[in-house]
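Some structures to go through are shown next.
Same chain, two partners: chain A is paired with chain B first, then with chain C.
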Partner chain A sequence: MEANNTIRDPQAIREELVQKYPAKVAKKRTKSIVVNDPETVPEVQANVRTVPGIITQRGCSYAGCKGVVLGPTRDIVNITHGPIGCGFYSWLTRRNQTRPATEADANYMPYCFSTDMQEENVVFGGEKKLKVAIQEAYDLFHPKAIAIFSTCPVGLIGDDVHAAAREMKEKLGDCNVFGFSCEGYRGVSQSAGHHIANNGVFKHMVGRNNEKKEGKFRLNLLGEYNIGGDAFEIERIFDKCGITLVSSFSGNSTVGQLENAHMADLNVIMCHRSINYMGEMMEAKYGIPWMKVNFVGAESTAKSLRRIAQYFGDEGLKKRVEEVIGEEMPKVTAVIEEIRPRTEGKTAMLFVGGSRAHHYQDLFDELGMTTVAAGYEFAHRDDYEGREVLPSIKVDADSKNIEELKVEADPELYRPRKSEAELEALKAEGLEISGYEGMLKQMSKKSLVVDDISHYESERLIEIYKPDIFCAGIKEKYVVQKMGVPLKQLHSYDYGGPYTGFEGAVNFYRDIDRMVGNPVWKLIKAPWQKEDAGELEASYAEG
Partner chain B sequence: MAVRSAQRRLTVKHAKTATQNACKLCNPLGACLAFRGIEQCVPFLHGSQGCATYIRRYLISHYKEPIDIASSNFNEETAVFGGSHNLKLGLKNVTQQYMPEVIGIATTCLSETIGDDVKGILREYRKQTAADSGAPVLIHASTPSYQGSHIDGFHAAVRATLEALAEKGAPDSSVNLFPNMVSPADLRHMQEILDDFRLPSMILPDYSKTLDGGPWAEYHRIPPGGTATAAIARSASAIGSIEFGSTLEASKSGAGWLESKFGVPRYHLPLPIGIRESDRFFELLETLCRKPRPEKYQDERRRLVDAYADGHKYIFGKTAVLYGEEDLVISMAAFLREIGVRPVLCASGGKSGLMKAKLGELVGDLEGEGMKVRDGVDFSDIEDETELLRPDLIIGNSKGYTMSRKSRIPLIRIGFPIHDRFGGQRLHHLGYRGTQELFDRIVNTVIEGRQNDSEIGYTYL
Partner chain C sequence: MLLRHTTSEVKEREGLTINPAKTCQPIGAMYAALGIHGCLPHSHGSQGCCAYHRSTLTRHYKEPVMAATSSFTEGASVFGGQANLLAAIDTIFSVYDPDIIAVHSTCLSETIGDDLQQITKKALDDGKIPEGKHIIYAATPSFVGSHVTGYANMVAGMAQQFAVSTGEKKDQVNLVAGWMEPSDMRELKRISKEMGAKVVLFPDTSDVLDAPQTGKHEFYPKGGVTVPELRSTGDSKCSLALGCISAEPAAVALDKKCGVPFETLDMPIGISATDRFVMALSKAAGVKVPDEITAERGRLLDVMTDMEQYFHGRKVALFGDPDQLIPLTEFLLDLGMQPKHIVSGTPGARFAKRMKEILQRAPGANFKNGLNADMFLLHQWIKNEPVDLLIGNTYGKYIARDEDIPFVRYGFPILDRIGHSYFPSVGYTGGLRLAEKILGVLMDRQDMKAKEEKFELVM
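Entry: the complex of A and B
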């Protein structure tokens, strides 16, 4: 197949995408669809409400809170307070993995508890049922923690999950019970739920255990949810380098680790969108700096390890990191050399997540593939344009409804891990602390960026760009494949993975190779193969 | 018995008030599925966008086909002040983008809890858009997820569709088939049977193409296939409606509505699984069109009887734990009795209140047969029972996998959802053909188990 690198004028595509919308909707959508220029970084309207009837790929606050952030911690019993659907749909569907040390260790992830609200609970209130459900879960497992997640009707009927949690926590004595007001109508997407989850975990879990874990280089890995075993690969690399993982937020994590997280000396953030609040709050309260890393992509993994070593400023660690990179890279390079002739020059589109659409571009770069269009589902402007735009982001009604915790330095536990001078020195060396540059600076000029892409828009983009691969989730998968374009699931990895670190990179290259070069696509005639080629084409060549 | 109850106390591992690992899905999911089986229809959920997203992803993971479900995207204001504005705007946008013939609107627990008057809002909207050409038909099914389960939403949507579209016309010789929540493969098979009988027919819903179709040679905003609105309109003129589902009451069903409103006779049957229930279905068709079944089906029946005879020794006396929607469980249980497999537990998350009685009608003395029937249960209940009963087989959807893995009892996947295997949408369950497929799978599962457990590893049957 020949490389598909002639693309129409992105400005024209942008206009065409919104043509079918009513004028008001078109006006709104245009602000979320921009033609990139990495030098000047355009503004991308993001984290705004989806227009009713425009089919979005976004989920809800409950999904972000229960499904994403709290879901992967294995020894919290999660109780969904509401009718049965929400609990059922978030029951092990994200493929988070976990690895208890022994079979006897608690793992409640296969369980899906729901108060299964019935009409009488909606009419007369569900708190009583909720408390009984908490008691039952406690009697059954004696877990260290029980978390309650509110679904849509809960807020409306006035159930106070927090009061119920407090009461039960007191009653049970040795079980930490806390609730989340993550009703699905709060905020504009799952992003609201991430924030709510961050607040809850910070308030109710972090800081409960001051024991200092052994290890010279102790860090927390934030925003890594161990889908398909991603966290296992990162743990392997950390171990090899002699880096101690105090807690992960929250892939393969435990209650004990989260409660002890404030004793680490650095927070590294993978998914900026879902967890940056935690980094900020831990810095303010405990004095732990955070920095953005990316373990998706072999080069990015190496870079992230070097940055961690640079932060700790230890020559021994720097040396060890180089040794590890030296050991791991040849295997990666060998696979790239084998595969790249088949993938070079091909194009990809990524519409996923609040970080993944950015991170995975690194893997495609390594395969010589160009990302022609990308966008997030639930990100904010800073995830596109970089954190420097934060002061200029207007807080709208939807964001205002999500609590911002007021965090102050802890009188006993606040301990700046690095002095102001040390931090300045690191920054002068080029180490970005408390920063994230966003997606656009990395993407090429004239690539198209679409926030909260609708089903309709993604279909149009496929028609126009005819990419060699489209990355999104299961909701998009089958419509894209019907058009003869392979779709890589970047939420659940099509049951594959891990894709992080060095071994993950190799897995990803092989999966992409299998997909873009697959003989099955020869059997499917894509719609455009019937059309006149050439229409409006070749206005510029993607560089 | 004393030992047994002591053992039971030791093994009980489930909550009583909370639901632990549900054996049911929510009401609006069923409605969305049914709406997907109407030609040029876009399902629309009135509530939070999360419901549409969750339900889409869940249906898609089974059918492995695109499923668009629109939503009125409630936010905090909408939740407080009502969903009228969002609903109307949503309908307008769906109409403009998709140009559908029908929009199937189902409510969620959110819009139901705040008490949105959807019928009233739709009346207003229709008035406002009356002048527009190509305004879609709006169907509304009330599907609060704090009542019933997915199967109730499915039937509510079917009934609402008829209420919106069926019109009295000149009587014709056609037959309506309301097949219940069956697989696309089953739907195709039903259509084939009706066609072979040369019976003009309408199957509602019919997602055999929309949820199991080919690649698209041209773009489709809405996948091709589904029951045509014109055919639904004519359903009021049919000579009769066949409706599958033992626990489906006329007062809640599509065929029931056609009968009460237009006098179209309702022929109510269990899902035709097994020889006896398939016979009943074919005999009904023979009666309705006053001719014998085509030879092809007589052959299918003969082959099935032959297979029963050849396979009986492998499976006779085996026991099974069976779970799923009540109607599926009832018909599957009747079939299992027919082949000498004893369903020691027939369980469902649904709770129509009719399951035990209806099952009794098909298999007789349940207790005498050693069959326990439990409705309104979750997987923790089913797992507890399974631990005690130690059946040879577990039969049901993918959600029984954890239990199967733990107990090392093989799981035979049927029904919905099947999201840990490929091809769930292409499994047959109905008629002689569906029964044949089920029978072969059951026999082979037993044989495979024996082969794997054999020390010799014999290679010849």
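Entry: the complex of A and C
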């Protein structure tokens, strides 16, 4: 299907988007804006430094590491080592829900811990204060784990958070202490922070607990952060199917789960960008295969469940999965039938982080809506074009200092869950293992793809395409709505959700229906600003 | 319990801050810069800061918050960010065409030692600032003070870099707005107009962060103090600085540069502080206080007398920013309430001294500001000595729910309600609104908890 954007030639729009930039900027931005062709996927310039002053929506490495990956684990004390801001802004602002089993279980997520670095700590170093802070956190809470997150000045003044962590871990004895060098200037976006977090969690947590959990079909859910209860819904479906969730990286997770993750038999990946490193490393060290799934969209959820059942190759599981899909789908279909006449043919634009700009297109498809433009803030080329382009990606100077762990098979714990032959057979059946096809192959021909979109570019796109809904984040929300276009936040879900699984799909359909049909958009012009207002006055005068 | 790990035993902490009652400087500078018409704030640091500050302000106002960033990479962090800032200035003027770029720094650029004065001068010398356009700056290191300090630094920067003394005095008074809401700034302008006092209020975020829905996004909304107005502050008769922490540095800068005398006042919150403001403005502008203002005062006083039984003796815990806490505490005392526990993350001896003066009327009150004066400590104090009311920003809702305390949202940030940007807290009208909000939660509480036979129709 071709995108419903025949109003203008997308190539011309592409050129127009960069016209106003200084020459060098225009040249650079042109490479990050492409007209899609799902057959011959174009190359998208991605994961490169942001143009200063352009008004990007991107955040930093600290946000990717502390805010995204480590934030959702409820029983780690996460200490931000730096001035107060970073800790403050990442305090409860991502909606990673968590549900401790009892009132006695640890949950530090409503807390913000910081070393609140002062001028003298910048001048004389902050390691001493950091160690005091770790001791105080231990004395007050006795957590299982304490993690330290470096902010911009830490790397510059030469504080060694890793040495401080080792020293305190030794001293405290029964508390795992580890640090992350996720200074905000590392890499070019949140993405560097994901990688740094993956490395740290893999090194310091995974593999510490060899206890084997009950269950026939045991998997880890990677890259699902339980925004608005998304992971709860996936857990509900897994439970219903008889699939055991060993650990979740990291929505609704605990330290114990992450330490036990290597005992699962499959890793399924939701957010490829943030956690594909973990999938790769766990496969190399422990022999656990991974595959991409998508629980956003009812059809995608059904498909993902079938793929899991296919991987385990168990007839009982396959049957149960079909039963569950059979039970769940009628509720979903009923809602689609009610709503679709109101949404069919409408258009959407999605500019979200590093994953959802792709996943949510499935939900819009289910509503009969077309995605005319989409892009990520900080994804890499493989998220756009598919993992097959990985060998051709060059790590540029801005990202080359992000550590790449060398992982080898564990002499004791490496156990291939499937033999080479079994994996080949599954692949021959069409089950994609260790693969991700990327966003572009799913998007329609001539749709526009923009990486690291700037404020200017998104305003122009809205003026040109006049989409029925724009999906992005809090910084864009009120700008777009001031333009008379509803904006669905696909980071925070506008405080609703869940949007995953079958129940989530229904929530999403209802939210989109409400937003595109909301009566408020018709009230924007005051009666006296309308064209016939003058005549009204005249008729009174005559009367 | 949401904050299940908070226990009543208070231990001195030296390294760990838990649940801060402050945030960092640049967000204050960004907010202040939005109070200049046609201005684009610019964050000179790595882009995470700028994203966080825009997001927090946006969540508070439910409004667009525009700002650009130098987007430091690791290279720039080692070799300095001058090239990034100069490139940013080029892109900003070609694409976003502001009248002014107001640059603030972050802990990154401050640790490296980037000199904003030198870089902005280089931009000028290199001809990067188009004719009729401006660039101003303020150093806002995050490891000093708090968001309030950042606000104060940017407002002082405006005065310092724009004000000109022509030698001809103007019949006007500078009102230096401490960190307050757009609704408060609008109310100050209304009061001044009502009094017939000619004022230049700066910064002024009204009509910027409370912009109407028109179906069109105004990148530079109609509000904000203008450059000619800022220039003219050097010729004003005098300045009234509203807030010793957030406003006074600008008044000092004006005095030093242009010889404009100043008086520092508490922010006009509550009856006593508003009385002092009205008197000071009347004197400074040489105008009489009109009957309408006296009537406004009378209406607030009327409510205070009518409802005194509901206020009297109620214990209050409050946290927030210094310039609000001072007059708010005084107002609670005027209402007959008992301020019990007070915390501000913002450091400063000046504030502590002023609070101590006010708290002489509140025997047994706990007060702390600066390092480790955080909401964890406040919560512990509350556990030891419970209160009837909690006043503070949205983060207070966790304590309010755990301890089952009526809660009034006040201060920055408020992420889960609207009102602060539309209805004032300053002046007599603002006092009425605060009194109404306090009464509302206390009376709702009584209604919910009263035994059926004690449930009252008339209160």
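FYI, the second predicted complex is superposed on the first by the 518 of 543 C-alpha atoms of A that agree within 3 Å, B and C clash if a C-alpha of one lies under 4 Å from a C-alpha of the other, contacts with A are read in each partner's own complex, and residues count from 1 in each chain.
Keep in mind that, in the parts below, contacts are C-beta pairs under 8 Å (C-beta built on N, C-alpha and C of every residue); 3 or more make two chains touch, one makes a residue touch a chain.
All of these numbers come straight from a predicted model, not from anything done at the bench.
Student: Does the chain A-based superposition show chain B and chain C clashing or fitting?
Tutor: These partners clash in the superposed model.
Student: With both complexes superposed on chain A, which partner does A:E170 reach: first (chain B), second (chain C), both or neither?
Tutor: neither
Student: A:P527 in the overlay: touching chain B, chain C, both, or neither? Say first, second, both or neither.
Tutor: The answer is first: A:P527 touches chain B but not chain C.
Student: For A:D116, decide between first (touching chain B), second (touching chain C), both and neither.
Tutor: The answer is both, since A:D116 touches chain B and chain C.
Student: Once the shared chain is lined up, is A:P52 touching chain B (first), chain C (second), both, or neither of them?
Tutor: Touch status of A:P52: both partners.
Student: Examine A:A63 and indicate which partner it touches, taking first as chain B and second as chain C; both and neither are also allowed.
Tutor: A:A63 sits against chain B and chain C alike.
Student: Per the contact definition in the header, classify A:E214: touching chain B only (first), chain C only (second), both, or neither.
Tutor: Touch status of A:E214: no partner.
Student: For A:Y108, select first, second, both or neither according to whether it touches chain B, chain C, the two together, or no partner.
Tutor: second
Student: Across the two complexes, find the residues of chain A that touch chain B and also touch chain C.
Tutor: 20-22, 25, 49-63, 79, 82-91, 93, 110-119, 121-122, 129, 132-133, 136-137, 140, 151-153, 155-157, 183-188, 397-398, 401, 455-456, 459, 473-475, 477-479, 481-484, 524-525
Student: Contact residues on chain C for chain A in the complex?
Tutor: Answer in residue numbers: 1-5, 11, 13-20, 22-27, 42, 45-49, 51-56, 58-59, 62-77, 84-85, 87-92, 94-96, 106-108, 111-112, 141-144, 146, 211, 213-218, 345, 371-372, 376, 395, 398.
Student: Using the touch definition up top, name the residues of chain B that touch chain A in the complex.
Tutor: Touching chain A from chain B are residues 13-22, 24-29, 44, 47-58, 60-61, 64-79, 86-87, 89-94, 96-98, 108-110, 113-114, 144-147, 149, 213, 215-219, 221, 402.
Student: Considering only the defined contacts, which chain A positions touch chain C in the complex?
Tutor: Chain A reaches chain C through residues 20-22, 25, 49-63, 79, 82-93, 103, 106-108, 110-119, 121-122, 129-137, 139-141, 151-153, 155-157, 183-188, 397-398, 401, 454-456, 459, 473-475, 477-484, 524-525.
Student: Residues of chain A touching chain B in their complex?
Tutor: Residue list for chain A touching chain B: 20-22, 25, 49-63, 79, 82-91, 93, 110-119, 121-122, 129, 132-133, 136-137, 140, 151-153, 155-157, 183-190, 397-398, 401, 455-456, 459, 463, 473-479, 481-484, 524-525, 527, 530.
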